[in-house]
Amino acid sequence: MEQIIIRNGHVVDPSSQLNEQADILIRDGLIESIGRDLQIDDAHEIDATGKWIIPGLCDMHVHLREPGREDKETIESGTRAAAAGGYTALACMPNTSPVNDCQSVTQFIIDRAGRTPIGVYPIAAITKNLEGNELTEMGELIECGAVAFSDDGRCVANGEVLRRALEYARRFDRTIIEHCEDLHLAAGGSMHEGTVSARLGLQGIPGLAEEIMVSRDIQICEYVRGRLHIAHVSTEKSVELIRAAKQRGIRVTAEVTPHHLFLTDEAVASFDTNTKMNPPLRSERDRTACLAGLLDGTIDCIATDHAPHTITEKEVEYSLAPNGVVGLETALSLILTHLVHTRKMDLQRLVETMSHAPRKILGIAPVVIATGRVADMTIIDPEKFWVVDPSRLISKSKNTAFRGWTMRGAAEMTIAGGRIAYSG
Amino acid sequence: MPLRNKDILGIAELNVDEIDLILDTADSFSEISQRVIKKVPTLRGKTVVNFFHEPSTRTRISFEIAEKRLSADSINFATSGSSFSKGETLLDTVRNLEAMNADIIVMRHGIPGASHFIASRAHASVINAGDGAHEHPTQALLDMLTIRQHTGSLENLTVAIVGDIDHSRVARSNIFGLVKKKARVILVAPPTLLPHRVDDLGVEVSYDFESVIPKADVIMMLRIQRERQGKVLIPSLREYSRYYCLTPERLKLAPAKVLVMHPGPLNRGVEIDPAVADGPHSIILEQVSNGIAVRMALLFLLGGRSSREQSN
Amino acid sequence: MRKGTEPGTILNESEIRDVIQRFAQEIVSTYPDLDQIAVVGIQTGGAHLGRRLVHAISDRARQEPDFGILDITLYRDDIALEINQPIVRQTDIPFEVSGRNIILVDDVLYTGRTVRAALDALIDFGRPRAIRLAVLVDRGLREFPIRPDFVGLEIATTPDQKVHVRLKEQGESSDQVILEKGD
């Protein structure tokens, strides 16, 4: 019998109406009791005085790269990075090699992830080999453990294919996650088309490329009454389209990444390829609109789009560099530093956007801090000051867009599935 | 006042004092090219590598002449068909250039920011000789010098830049420089050849060449790339010429002292009529001579800087 | 020290005028054919003095010798040691150097390095018959084997002292040469 007692932490969980200082006793991975001054003799004591305790975070948009690109990240390294960032669960995108478009790949991921306490939920491809033509065997993939479907990295260009995917997924009540991008409008671009691209002479990707597809997808979703999730929303117009769709009762959800919340296309002027991602960093106006959308509930959740790339791949000319940045180890600290400490967002909304909402969209069981539940929580040190040093990231890849940023607050301990997954 | 940075990556990074220093120094260097012995010993023992990752004859020759007139050892390193085709990355190239103890790297590359990439990883000074559609600072400096020699000042001059602005590093560098020097810049092109947020660059825009010509003190024509036609940007060079070629008839609309410029190479009959290119208003060949003076000035300003840093 | 002059003044306005007149006299008597000579002043003090010398010669000989100015920045051996960015000034030699007797004019002769650079620079313009050196002040402390042909004032100095030549052409109210005491 193993017992852990976490003393004096400030526990916040809107789903169990907790917002108070309490001790939490965990026995054999289950929450035994929550209360003041719990008396227990032979437990492992953890002093959480001055710390915040919230339900374990979930990142619904991660590229674990395994199978195929284990030099960038593995399921093992990616889940360790997740735990260090305060995450107890993540969903991994299917654009691996081979693509996660069949049971054997889904099964491989589930098996690999079996050793880690972090919940790994595969998102399978919408279409075979991400080619946008034929639907995958969604039913069997779900039976194997896939939780949602996406051709992330690519948009389902053919409207008929997306329609059928949204329709077919209704049979299983699953979400179709769309990477919204008109490939013709975006072709050749390597940054946001705007004032900065006009200055830098880099070919731009207009916000229009995203918005046209967000609009199309919402209309198809409404027409077939599907469940649609818009990945990495990055423009003001996209936020408006989603807000209007929600008002009409369309089943659409959306996520935003920390880099689209805290960086703009001005960062590209350094020509640092760690500012290159897809969708690209947008204008200040877009950034502000995304943040407003997150705070008013138009955007349901924060997802990192953790996209590891090796230094060799990133240390090239800007337009030759691959898209993407790592995010698992900086997301929570960025939200704490720039939204929670600045009182733009309260802890309840943080829990909603980083723990509850992603699990709900993916259709996986919520984690709740309550007696009798599996212990799954993130202990936050809100006053830990640290500076992002890429060489100290646990992820195999170091391509962070936040090098040198000073952070206030970090995950101090991550307890996932009843086990301590990370201790800082 | 010396230059603030070790590199010349773009006009965007220069302040007005630095631009003036470069232009004043270039004025003094023009005289050397008039001498019988067109050579001074200033950069003796310095190594300048001309690293051209994209074909260029005119700019490379201009730099080479400037280097030789300052007695630098210049080495040409063109990568089309050399190690780059064997998969050598730009990073490997930087390391090689560093190992050769280059003092100054003159660099041409097809991708914006490539010279920033090298500059941030090399001890040597880097002069950007063109990075994609981003900047071509030495061209803008020689253009400003040439205009200044005719008008005395750039302030309040109206300069029309005509052509494929969106894909032009010459246009961008000139826009940054002329706006800093308080000239009025009017960009003239069809909307498809203008950057999306061009208004934010501090310039005026017109699609109608003939309405701009009467206001222009300077008309700077840009080369239109033949590969632009037949896609979606312009239907044909023929139609482009119809609206944007500087013809003798259009030039009649201009003020009497108008200056006609072109960075070369010219597409005669496409963006500029031969009679205009070779006519009395054309200062195209002065641009070429001034190119050497400006490049000498930059090599001098950076070369002295690098040795001062070594000895201090 | 004379009355009405700043402390440390080693040449005042009338003395400088006398020096230029004496140089002109010596040059005219040495070179009766003024077509064979040219005066070249080193930027910037030497250029002003050279121009005065040309006027003094033409006052005497009713003929103005050719005059040029020389900027030696690009020939210096100490650009690397300068803290500040050296300014490149105009060089203007509007005559044929080959075969001429060149009177090279500078304000102060010190280590000899400036003159060394000026000799190199001049030679790049052609092959003069001879180069003669005229200086307003020779303060000694030579580092190179260089000797002036015409000297206004010879004065022994130490390296920590400074010699300032102030001329009206540079916006000064009067001409003077000042020796600033060392530490």
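First chain written, first letter: the chains are A, B and C, and each begins at residue 1.
Everything below uses one rule, namely that contacts are C-beta pairs under 8 Å (C-beta built on N, C-alpha and C of every residue); 3 or more make two chains touch, one makes a residue touch a chain.
Model, not experiment: these values are computed from the prediction.
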Thinking of each chain as a vertex joined to the chains it touches, would you call that graph a line, ring, star, complete, or other? line
Comparing each chain's Cα average against the average over all protein Cα atoms, the nearest is chain B
Distance from the CA centroid of chain A to that of chain C, rounded to the nearest Å? 76
State, to the nearest whole Å, the distance from the C-alpha centre of chain B to the C-alpha centre of chain C. 40
Determine the centre-to-centre distance between chain A and chain B, using the mean Cα coordinates as centres, and give it in whole Å. 45
Residues of chain B touching 2+ other chains? none
Would you mind writing out the residues of chain A in touch with chain B in their complex? 193-195, 197-204, 206, 270-271, 312, 315-320
Interface residues, chain B side, partner chain A - complex: 12, 89-91, 109, 111-114, 116-117, 131-135, 167, 169, 172, 195-198, 200-201
Touching residues of chain C toward chain B in the complex: what are they? 71, 73-75, 79-92, 120-121, 124-126
Help me check something: in the complex, which residues belonging to chain B touch chain C? 1-3, 21, 24-25, 28-29, 31-32, 35-37, 39-42, 70, 297, 300-301, 304-305, 307-308, 310-312
